[in-house]
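Take a look at this one; I'll ask things after.
Chain IDs A, B, C and D follow the sequence of writing; residue 1 opens each chain.
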Amino acid sequence: MARVRVQQEPFDAGREIAELTRGRRDVGAVATFVGMVRDANEGAAVSRMSLEHYPGMTERALEEICAEAAGRWDLLDVRVVHRVGPLEPGDAIVLVAVASAHRGDAFAACEFIMDYLKTRAPFWKKELTPGGERWVEARSSDDEAASRWSGGGRG
Amino acid sequence: MARVRVQQEPFDAGREIAELTRGRRDVGAVATFVGMVRDANEGAAVSRMSLEHYPGMTERALEEICAEAAGRWDLLDVRVVHRVGPLEPGDAIVLVAVASAHRGDAFAACEFIMDYLKTRAPFWKKELTPGGERWVEARSSDDEAASRWSGGGRG
Amino acid sequence: MVTLLYFASLRERLDCAREEIALPAGTPTVGGVVETLRARDGRWSDAFAPGRAWRVAVNQRMADLATPLKPGDEVAFFPPVTGG
Amino acid sequence: MVTLLYFASLRERLDCAREEIALPAGTPTVGGVVETLRARDGRWSDAFAPGRAWRVAVNQRMADLATPLKPGDEVAFFPPVTGG
């Protein structure tokens, strides 16, 4: 069901949503998340970023995260697009779009996929700041966000 | 901050998201919800729908809901577009898009705005089913969804 | 005088979208207007019978029976909302 | 033999993206490979010192020290992920 893509090119959020729902009459709710590069992180200005990933495992991890979401909620379709390579502030990095009959399922699954993606999908960000290049450190807040879901259902 | 529109015309979700973030470098997260007309509701096939509203109060109610969200979470911008008039299954009815620095704020505010819109914004749906036209009944599940937020913060 | 508006199923049931009525005597409230409407024929007394689900807004803000009214106010009655 | 992959800051720190090594003797596990790497020079023993935050995947699935290994497996070491 899920369609997962990893690509250098920009994506068009409207087109992804349209493709998720095209020709369907059973979708009542589409929840979409778009993550973007900010010009500041951890107190430093960020002028550029590059995203590395683990080809093969990345796609597999994203598919598994989507399958887990589909097992927890009633979903009609899921789309995940994650960019890699060089990015600038204002660029979109990731899109997660979830179609469901009802909004509760769509919202919960979209947030779940993002939380799991943040802690389980093998991507790494490197930022260029006035102090030079630096690898972004994982945040404990992301681990906490992901652990909310481990009891099953909403945290 | 919030931009609220009520219109008969279709909207383009991708364009709304793009306008919300255009030229910005401080947005890290955009959570978007699109509600759509389903071809079935409460056990009956739905072939058409029309949406009535209370001009003036609708816009005011939506603005107030957005302002309340902006008071609860750190938001950078909000957009709400709600259609009225004749609609068919597969048509989008409503869009809520929330831009924030962080995804937790964007998700929570987007879901909050939808929950409050469902119980506080003066729109009414009339469906055409094989049994004739019928006004859609309010759902107690929508009241429960909205009441989750009354303790402040996440339910 | 106040303006009364009716929406959706309530407008259809009452066959009335808008009317002007005199403010109730004394300290006028939404409750006084509802009493006036309930005193009309069966269609109206049914629609506003105790226990019926309806909502009211005064000057485009949600209100209740205790909300005070003044001349020129816009009072809207409608069923629970179903947008989104 | 197994293939070892290193990503992101770990790859840079070790100056190594990929290598092949012999499977540890006995019942080979990820833990045995990590012991082999810790026995190397300071750069390597530092990177895999107890308490260091790193993750491991075997054949592209998340794994841990107890995960068993067989010839031809792909074992990837990397820092905690930061995508999204």
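We take it that contacts are C-beta pairs under 8 Å (C-beta built on N, C-alpha and C of every residue); 3 or more make two chains touch, one makes a residue touch a chain.
Nothing here was measured: the structure is a model prediction, and the numbers come from that model.
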Which chains sit in contact with both members of the pair chain A and chain C?
B
Hey, how far is the Cα centre of chain A from the one of chain D, in Å?
26
Can you work out the whole-Å distance between the CA centroids of chain B and chain D?
48
Using Cα averages as centroids, what's the distance between chain A and chain B in whole Å?
22
Which residues of chain D are in contact with two or more other chains?
none
Mark out which residues of chain A touch at least two other chains, giving numbers and ranges.
35, 114
Under the stated touch criterion, can you name all the chain pairs that qualify?
A-B, A-D, B-C
Of chain A, residues touching chain D in the complex
35, 51-54, 56-57, 60-61, 82, 93-94, 114, 117-126, 135-138
Using the touch rule from the top, collect the residues of chain D that touch chain A in their complex.
5, 7-9, 12, 53, 57, 60-62, 76, 78-84
Chain A contact footprint on chain B (complex, rising order):
12-15, 17-18, 21, 23-40, 89-90, 101, 103-104, 106-107, 110-111, 114, 145
